[in-house]
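By letter and in written order, the chains are A, B, C, D, E and F; residue numbering begins at 1 in each of them.
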Amino acid sequence: MPEVVALGEAMLRLTPPNYRRLEQADCFEVEVGGAELNTAVGLVRLGRAVAWVSRLPDQPLGRLVLNRARAAGVDVSAVQLTPGGRVGLYFLEQGAAPRPGSIIYDRHDSAMAQLRPGQFDWPSLFASARWFHVTGITPALSSSASEAVREALHAARSAGLTVSMDVNYRAKLWSLEQARRWLQEATHCVDVLITGEGGEQLLGVEPGPFEQTARQLCERFGLRAVAMTQREAPLVWRNRLSALAYAADGDRVFTTASYEIEVVDRLGAGDAFAAGLIDGLLANDPQRGLDQATALAALKHTVPGDLPWLDRADLDAAMQAARAGGSLRLNR
Amino acid sequence: MPEVVALGEAMLRLTPPNYRRLEQADCFEVEVGGAELNTAVGLVRLGRAVAWVSRLPDQPLGRLVLNRARAAGVDVSAVQLTPGGRVGLYFLEQGAAPRPGSIIYDRHDSAMAQLRPGQFDWPSLFASARWFHVTGITPALSSSASEAVREALHAARSAGLTVSMDVNYRAKLWSLEQARRWLQEATHCVDVLITGEGGEQLLGVEPGPFEQTARQLCERFGLRAVAMTQREAPLVWRNRLSALAYAADGDRVFTTASYEIEVVDRLGAGDAFAAGLIDGLLANDPQRGLDQATALAALKHTVPGDLPWLDRADLDAAMQAARAGGSLRLNR
Amino acid sequence: MPEVVALGEAMLRLTPPNYRRLEQADCFEVEVGGAELNTAVGLVRLGRAVAWVSRLPDQPLGRLVLNRARAAGVDVSAVQLTPGGRVGLYFLEQGAAPRPGSIIYDRHDSAMAQLRPGQFDWPSLFASARWFHVTGITPALSSSASEAVREALHAARSAGLTVSMDVNYRAKLWSLEQARRWLQEATHCVDVLITGEGGEQLLGVEPGPFEQTARQLCERFGLRAVAMTQREAPLVWRNRLSALAYAADGDRVFTTASYEIEVVDRLGAGDAFAAGLIDGLLANDPQRGLDQATALAALKHTVPGDLPWLDRADLDAAMQAARAGGSLRLNR
Amino acid sequence: MPEVVALGEAMLRLTPPNYRRLEQADCFEVEVGGAELNTAVGLVRLGRAVAWVSRLPDQPLGRLVLNRARAAGVDVSAVQLTPGGRVGLYFLEQGAAPRPGSIIYDRHDSAMAQLRPGQFDWPSLFASARWFHVTGITPALSSSASEAVREALHAARSAGLTVSMDVNYRAKLWSLEQARRWLQEATHCVDVLITGEGGEQLLGVEPGPFEQTARQLCERFGLRAVAMTQREAPLVWRNRLSALAYAADGDRVFTTASYEIEVVDRLGAGDAFAAGLIDGLLANDPQRGLDQATALAALKHTVPGDLPWLDRADLDAAMQAARAGGSLRLNR
Amino acid sequence: MPEVVALGEAMLRLTPPNYRRLEQADCFEVEVGGAELNTAVGLVRLGRAVAWVSRLPDQPLGRLVLNRARAAGVDVSAVQLTPGGRVGLYFLEQGAAPRPGSIIYDRHDSAMAQLRPGQFDWPSLFASARWFHVTGITPALSSSASEAVREALHAARSAGLTVSMDVNYRAKLWSLEQARRWLQEATHCVDVLITGEGGEQLLGVEPGPFEQTARQLCERFGLRAVAMTQREAPLVWRNRLSALAYAADGDRVFTTASYEIEVVDRLGAGDAFAAGLIDGLLANDPQRGLDQATALAALKHTVPGDLPWLDRADLDAAMQAARAGGSLRLNR
Amino acid sequence: MPEVVALGEAMLRLTPPNYRRLEQADCFEVEVGGAELNTAVGLVRLGRAVAWVSRLPDQPLGRLVLNRARAAGVDVSAVQLTPGGRVGLYFLEQGAAPRPGSIIYDRHDSAMAQLRPGQFDWPSLFASARWFHVTGITPALSSSASEAVREALHAARSAGLTVSMDVNYRAKLWSLEQARRWLQEATHCVDVLITGEGGEQLLGVEPGPFEQTARQLCERFGLRAVAMTQREAPLVWRNRLSALAYAADGDRVFTTASYEIEVVDRLGAGDAFAAGLIDGLLANDPQRGLDQATALAALKHTVPGDLPWLDRADLDAAMQAARAGGSLRLNR
């Protein structure tokens, strides 16, 4: 019986090895990822039971995606295998300073882009759950998908679940204007908002110091909490990451350690952040939530692929090292 | 100045290595192929100047396809780089007896599927050419594409070019009924028809002995010649290949040697056949055309990827060995 | 709720690529396999709900095995993660005529070799099940493991399940004498016996024509059915496979088609056979069981790794082709 | 019709993957590179039509080199396929601090080392061109090659082309004395000189501040411009790059941004610099020339292989980021 | 005739490529390593004749280990091929900040763990030798192995050899208490002790400044010299390394340069240090010993695998660069 | 102390993986091979002590070759590391019917091609030996090399060694006329001649039935024995191999079993044949010599690379299976 339900698309990710550019590719490594699935996996790795709700075409590539989710321990019993539609693809080009990495999406007409209201029996899916997680990517897939997410958000509210949303604005999927309109309506169904720099503007709030912006967001949309990661990326292979959170209850701001990161694969770091945060909030410990969110996001950079193949032992070791400083010696 | 012009789509081909099934893939080898491009490359390798006419999206994957065509020596100056559209993809699963190989097409909405009449200046493209080659795949891409091929066929006729068409019926792209309607009109613009078993039925001619069927096709559509490959494939890694041709002029049937084949990669064999045939017919030697078509098709099975990385020396050696029998010893 | 329960060890399989010998290895491909897990996967792929019961050490390599089972859709909720013990390993050297392939086991002291009675709550595991499957490999792992299998067999009997056993004698794991003693006792708990050439002698029955041997086995041990594969392997890359079955009820012998096979990976073929057979017997159709057992075993040779990544569509196509003969053409 | 003509050798580059030393190699990645070809590719990527003039043996490895040049869009119609001679090879060992990378040349007796005067019809090759580019590597290949380069330089002058030369002294190919003698004669035919530290001494000019040295070089050899890159490489995977240029006309010195670089592959960076510079000078904009030369050289470090698989969009993004500072975020 | 004899186990090292975690592995790179073998190889590369004494099972994987030692030029004539026992394995997971690398040992019951007194004829093995090297890993393998090392140490003393020991405490192999007991007895047979931070405590000496600790160790155990590396590892891919040594004769402390390191593979760095040190001490030049020990350890980080594929030219270049500072330019 | 001495060149072999043609290569697998080294390795694997005499340049690629020979257990103490000269290279293109494999040699100016008389102290090298082995490849490398082989042959005769020579005519290295002249002189120093079809003509003997030809060769050149392999290769991946031998002493002809072969890598099969034969003749058992020569040659086809990674157990199993017929089942 899942404690957390997440709705979203997962895609095949195709990456030329060894920093080759896409135009130079003679081989693609195949990974599976999608913002909400990544978060679901992170939560499973921390011991939560999580159902991932999605649609995949009933052919080998669809099953490949399904099997990878299953390998990671996610409950896939609600995933629909559809007779038509494509598997969404994205092509990733790894970067190196002074050239940033880049992505080409090829997810048009995917089975999940054909999502529309009425396809899932939300009351039944939410029956045993406590938490529902979405991102701003799914409504950007198609007009019918955006309606279906709205339907799910309302159903989650009705079922009494806590709802988290990661803004995740993707300029290549929809316009600022489209995003703004959908987000400003949908955020009223949200309890916990995760955003990066600029997210507040999409939601009609002026940029400013985090505390002030977060407070305004909570007031305007009835949010319980807002969290934001802060990344310094003057280079591609070396980043620094920290985060901030704000809880409306008590008007409190939380800070956490900052991590020096050697980047193996930065995809899915924000989704790992969401997993760490949700796990902490499920335990009613926002400070631990923010601490482990930041540590999990930092650790995700060291793992190839989109999925956070990390567990609580990794998390505890990293948080302990962040407190204690010192060497990153081989563990033997 | 190209002697031959070929119109068609090229795709990225993605294949899991070492006979893994698509569902097991953790890596895809990247090849580039497309029926008409494959034939164009075969002709270039035999010394002909060939222009390939196509459309590709102006992004890294489109340029990857373009660069591979260019690497093979094909004249790509008429390829249009389009602001939108996808690169067509196909996923190939290699087989082994008793499991045949299989293909998943993912070419919907490709830049080339958006082909429509008026996009290419055919009179100018045909100015210096003697031959135009198409297949039954391009009209199957979309309704506008089928009209554009019709436009090109008429333009080729008007410009006095010899026109060849390989029927290449693909059940996954259009229905038998759609194919029949288009082919039975278009074939009136064709001089040389290449077909496999069953092609005659699409064209409304009863199955029968090759000579009789070929004669009827020539009479009905005003063809000058018909050629057909014959494959025995009781296994997947070992095939036998031979071919037949018929020339309306003189009512002649041509036969050729049959080849025992160890199969590295069977994609593009029929397209290599077309290249060998066209080269021979350009030299007014149908017997040599059929001989080298069959040899080139057989040899293509030994080369990874869709493109026939073979040349006249390979061809002559294989035809000589087919005549002489004997050992396939290492050449050192 | 699983319909079938299977008990056994799964190992990491390490294979040097491209037919390198073990002594030449500079890289190992990592697959996961184990006779009963392979059968479980085959049954899942045919649509059955199957629980795999096993033990794995609670470290990354143990979880790797678990995840692969989970990826294939097997119910792993009964697998125990143990604080100690190793992951069993086996090193596979692929062969080519005249050199057969070879295996080095390194599975001593594995978590599963430490299996002993009382570790699993069989009545509860069998609560909803109809079938229990074991092989002669698990009792060969250690003395305590052989006792634990006996315990499980008796529990299955008590719970009213049908019990199948694949003899699978492994000379590298125990002596003929040890095997004989255990098998001749344990087979009294079995309903369906799967064996190869020589299995009857382990069970104290004289070799002879299949029908006669099978009848004696049924009489002596109270079996309901016996099945046996027949392999012709004068070469390594090309085999021929067929099978026979005998049902005590009605004293009937069943025969089936024989398959010409191009061998990608012959590991797990016998386990795929068991899956096809059990599925048919669950449907009370022994002829279909034998037919699909043989087809699935043949097909498994075309798939890399130990697990049968095949489904009912593959099975139906192969059985249809075996009936109809003809070409193994690319499916496009 | 090429606007720029470049003369030089291209080689197969063989590199053990994953930082293995040459002595540890069990596999070599195959790249194609050569100083002048690298520059030609850089110019093609910026939109210039460039002919590369070279010689390659008429066998598969020679054609491999030719095809890669062709793939990158270079006009190879003037490349001669010779019946004898080898393909030049070089073996590259990647480094890591404190061990620098290293190269073993194996290019003796290559088809291009057999270059001698009279093999190319320079007046015809220069008919439509505006610019001719060479480096100090080709004359170092053999005595006859050094004469042939001299012949080409005089022909370029006669045809009114602007001539650029990159000094590129290679101690493993000829002695300082040989280099000095040839360069001090040949530089009189040059308009634009590209050099690194120490180049001035080869040309008989005392080391000193860049402006002073560059002025002396221009005066002594009648040069129009001198450009020089400046690299800080205290580590191998992280370098800093900037550059300076001097124009005799107006006695001006140009400076540009400096780039922090994460090094994927540093081969061909200097050649990319030349491409950026020539493109700017062809547009009569020396400041832009120097800016984009430095950016292209910096970017080349992020691309595997010798060829600069970069285009104007990459260039503009890097120059913009160098001006604006800030993050190198994933482009999605 | 070997000048140096080293006793110890070598294992197969299995590493997932490209920073994958062990749980994600679908392929393992195969390296061979073991502390004493690594040191032996380092000494061979510096020109010393070295015999490695070990035990390996007589099967392909044992021979694989033997062949790799042989490839590096080590005298393996004293290695015993045993009928039973396993090849020791270890699984390495490469790290990236903030996640350190990690090792899983799977070396229980290896042929070398079955080492016991009386298996080797030490007087004969030491006949021509001047130096004997061991580490604290071998006695940790099993109780009989610890006795056998003691036997060898006494035999070396009797034969008049200089004895070096690297403490190398491995918490995963034995407890602090076991290590302490064995080391405090065995160190009385040692002349040169190599240790890292914390080693002194195992030997019953209070932590303190290096000079003081080293002096106490020499006094207590009758050592001639003590050496210690100092590593700064705030990140995983970038470390700094220096070292100190103390000679009882003259009560002298030696210091050396410190190296900035880009880490390709940090395994075996300490063993390379031992090789550099022993070589210098054999030449009666402790300063050169410490200098080249540190340089060799630093350089080892740049070479994949456990073995130091480096030679005196690499060493001299690195020591020269450490003195001169400056760029790490490509050597061409 | 070596029992057998072999003189010859070893090269790096570069092969594109997965049947790619050389022109398609983007990666080369690196193997080491050379006819005489291959034979030396075969003999070492059968338990003989063998010294390989050769010259290699003193740089990483030369040492790579040396290390591989050393890994296989060959005594390389007589190999000279030369300051100049190249490592010989050859590029191998694997074939598939109807396209045979092919080789491009690039071994001009190699260290071994610079072999000349006086470089090796043959009396000392032959001091403890019983057998000397050469092939017709070394004299084809250069004129000075042919003289040096002559010198070695005379020295071997003087030292009382048995001399074997494998004719191995390579048309790409010297002309028929050059080969004839050298062979007809040198064969007078030979005791055991190994040849294939056509070898007799090089030696001035008319083709005819084996027995007659062999007898004439023995009479004319004073040979003790002649052996010849017979290969049927109508396909590339499937060959049949048998052999014949003739002994002058007793005028006896020996025949042996014929092997059905699945071809992984056919390079070095003839050299493995020589190893099996020499081993048998050293044991004074020509029948066993021929039997194991043929089995070893057949088995070599199943092993990647040029070196016969096989041992007496493989040999005995294959000879036993050839006698008994039957299945090639996985050994587990």
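Convention: contacts are C-beta pairs under 8 Å (C-beta built on N, C-alpha and C of every residue); 3 or more make two chains touch, one makes a residue touch a chain.
Remember, it's a predicted structure, so these values are computed and weren't measured experimentally.
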item	value
Any chain in contact with chain C as well as chain E	A, F
Repeat of interface C-F, chosen from B-F, D-F or C-E - more than half of residue-number contact pairs shared	B-F
Centroid comparison with chain C (C-alpha atoms), farthest chain	D
Copy pair chain E, chain F: interface residue numbering same or different (half cut)	same
Centre-to-centre distance between chain C and chain A (centres being mean Cα positions), rounded to whole Å	41
Distance between the centres, which are taken as Cα means, of chain F and chain A, whole angstrom	62
Interchain centroid distance [CA atoms averaged], chain A/chain E, Å	45
Residue list for chain C, restricted to those that touch at least two other chains	21, 23-24, 26, 67
In contact (per the touch rule at the top): chain pairs	A-B, A-C, A-D, A-E, B-C, B-D, B-F, C-E, C-F, D-E, D-F, E-F
Residues on chain C engaged by chain E in the complex (per definition of touch)	14, 21-30, 59-61, 63-64, 67, 86, 89, 91, 93, 104, 106, 108-109
For the chain E and chain A complex, residues of the former touching the latter	18-21, 23-24, 95-103, 105, 170-172, 231-237, 266-267
In the complex, chain E residues that touch chain D	17, 259-264, 295, 298-299, 301-305, 309-310, 314, 317-318, 321-322, 325-332
Of all residues in chain E, those that touch chain F in their complex	67-68, 70-73
